[in-house]
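Next come two complexes built around chain A: one with chain B, the other with chain C.
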Partner chain A sequence: MTQPLEIRKKQYKKLVDEIKPRPPLVRNTLGAFIFGGLIALIGQFLLNFFQGQGLSVNDAGAATSTTLVFLASLLTGLGIYDEIAKYGGAGTIVPITGFANSMVSPAMEYRAEGLVLGVGARLFTIAGPVLVFGIFSAWLVALLYYFFR
Partner chain B sequence: MIFLKAFIVGGLFCVVAQLLIDLTTHKVTPAHILVGYVVGGVVLSAFGLYQPLIDWAGAGATVPITGFGHLLAQGAIQGVEQKGILGAFSGGVAAVATGITAAVIFGYLAAIFFKPKG
Partner chain C sequence: MVAPKKIGVQTRWFQNPPVILGCATIVGEKEGMGPLGHTFDKIITDSHYHEKSWEKAEQRMLQEAMQMAVERTGLSLKDIDFMLAGDLLNQIISANYTARNLEVPFIGLYGACSTLYESMALGAMLIDGGYAEYVLIGACSHYATAERQYRFPVEQGTQRPLYAQWTVTGAAGMVLARQGPGPVITHATIGKVVDLGQQDPMNMGAAMAPAAADTIMYHFIDTGRTIDYYDLVITGDLGTYGKELAQRILINNGYDITSRLVDCGVLIYAPEQDAHAGGSGCACSAVVTCGYLQQEIQKGHYRHVLGVGTGALLSPCSSLQGENIPGIAHAVVIEAG
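Let's look at the complex of A and B:
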């Protein structure tokens, strides 16, 4: 007698979980720490540099983000960022450079679908959800602040 | 000293994300990490916890995408301070305008100029 589909699905999932290779935890964690740390370190150098040029803290921060986004876009275009990501894992996702990478990669990939629906739309494959949830939650916080401050 | 602190805090943010990817049974994609971190930054910022971290770790807290969420939240709150309820609609995006514009411009240009490998 065959078991109900739900149970078979559960058994299958259990089997898959047992068989699939465990991620190399130590190596991944170390990679994420080192590359995430290095990108933040580069950011700190840029921040100090721009403040040294006489920019305010906020402006220096914006200039730093702009520079990092530029570098990440360039490195993604050259195919170098994805090479780094093999070692850096989440260390190359979490920094603002990962955000830039998440925009360039799909846009470049779907270039053949045209400038509007290829590049224009695919730039926001991941950036779109990030902006939706980010803007929505910030708006909600501001709304609560308005009523309960 | 600020450089060491930036390295450590920036690295730790990424370690947490890596563990979320490796240790949870759910399929955690980079998109989920980025969305979760931005919202996480907004929430931490709303409770006043993120600015002290920036004061301590500098770029270690501003470079991770949580810093983007912090800017959004503080921008929206300051918008309310200045313009009331309308500011909740304008302040957040205004605060991150530089980053978004840079990402759109450089992202678009990179996607046009370069061909994907393989």
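Let's look at the complex of A and C:
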């Protein structure tokens, strides 16, 4: 403990990295593949179903997204979605269902702080950055497309 | 001039060692199902504890645990000179509202997860200093309130890393007295804030381990004791990997306490309970100390115990601004009465 702090910090970082458990990459990747694939599969079934009912491709796509968002919100409300996400990881976060989960969970959580400053203000805590940077990059790409096409 | 009850650099000894007169614990369902489930006084199965919010539930647990501790000793709240308590929520609201309801002179404390040990050390000083006959101390935490303050909404689907810890839902109260039956507090070593550059708020064990090792080492240096004096060294909530880190730092400095070292965070959950590296939160060291440890000392299984409360001093704001997470640890010597 008599060494200079900077050296102690470096040595400690090495020790922490040595002891820290590695994430189970194979298991996580497999989980993301299976659960993400499963969600996509359900989406495809829904899309085919809605098209079979006579909806146009665009309308069937919208109906599919709405149904998936509804299902994910319901599962979040029932406390099931986070249990699935524990195994699904990115496979459950990246699809539209993950987006639904990231909005419903703060809505439930901040209900205690009132409708306006609780639910209203906190609804986009997690989804907000996704929207901001999603819209911003769409704008940027559109701008580049406009000038360089 | 050196203070008469100071020994070495960071340690104080007590002339008339204050007594741990009575303890009480309340925990949540997950803790109740853990390996120490039988050592707790009350297990609540509803995480809202019939209240409208988790914060209210946490506050109610603390109040009940502290009241229960007082009732156990046969005292009434009027006999209590000071109440010392703290929790993890912003502005320590659980402790503040509890103090409002109990109407006892109150000193609010924040030592993150080390709060119970901070309270024990200060409570013992108040008593041995002649400023109090009875001091009521307590600490609490709640998985859901801590998650939403420090991390994500509870229902948010995230994958927790293997070194993450699980905030213990629970509360504990303890009555310290100038005299009476029970284990006594003979020394307290107040820790320094130690920062070895850790920044990952999911890896709190790594943030706290250097502080725990530092305090334990200074305790040995100050008292001139070796590990052989103690039957048990019990740390607050280092978790599996933090405990390993503290052990390694101590070995590197010539103190091998591996055979006597346990951690409340490791004890409180079984591996299959999906808590990953173990428990954390104010309640972790509080309920294990006031439950399991207290009972083991009463049974005579341990006679000389060094309890070390550990805390990670971060806030959601400090981690977002890229600050390090410093740690703190306070040690208290508990001897069978």
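Following the convention adopted for this analysis, the second predicted complex is superposed on the first by the 136 of 149 C-alpha atoms of A that agree within 3 Å, B and C clash if a C-alpha of one lies under 4 Å from a C-alpha of the other, contacts with A are read in each partner's own complex, and residues count from 1 in each chain.
Throughout what follows, a contact is a pair of C-beta atoms (placed from the backbone, for glycine too) under 8 Å apart; a residue touches a chain by one contact, two chains touch by 3 or more.
What you see is a predicted model; the values in this text were computed from it and never measured.
Of the two partner chains placed by superposition, only chain B is touched by A:Leu74; chain C is not. Of the two partner chains placed by superposition, chain B and chain C are both touched by A:Gly98.
In the overlay built on the shared chain, the residue A:Ala62 is in contact with chain B alone; chain C does not reach it. Applying the stated contact rule after C-alpha superposition, one finds that A:Pro23 touches each of chain B and chain C. Of the two partner chains, chain C is the only one that A:Tyr12 touches; chain B does not reach it.
The partner of chain A that touches more of its residues, comparing chain B with chain C, is B. Contacts of A:Ile84 after superposition: chain C is touched, whereas chain B is not reached. Put simply, chain A uses residues 23, 28, 76-77, 79, 82, 88-89, 93, 98, 102, 104, 108-109, 125-126 to touch chain B in one complex and chain C in the other.
Residues 2-3, 6-15, 17-23, 25, 30-31, 33-35, 37-39, 42-43, 45-46, 58-60, 62-69, 72-73, 75-77, 79-80, 84-85, 87-89, 91-93, 98-100, 102-104, 106-117 of chain B touch chain A in their complex.
Across the complex, chain B is touched by residues 17, 23, 25, 28-29, 31-41, 43-48, 61-62, 64-66, 68-70, 73-74, 76-79, 82, 88-91, 93-100, 102-104, 107-109, 111, 115, 119-120, 122-123, 125-127, 129-131, 133-135, 137-139, 141-146, 149 of chain A. For chain C in complex with chain A, the touching residues are 52-55, 148, 152-163, 196-198, 203, 206, 210, 214, 217, 241, 244-245, 248-249, 253.
By the touch rule above, chain A contacts chain C in their complex via residues 1, 8-9, 12-13, 15-16, 19-21, 23-24, 28, 76-77, 79, 81-82, 84-86, 88-89, 92-93, 98, 101-102, 104-106, 108-110, 112, 125-126.
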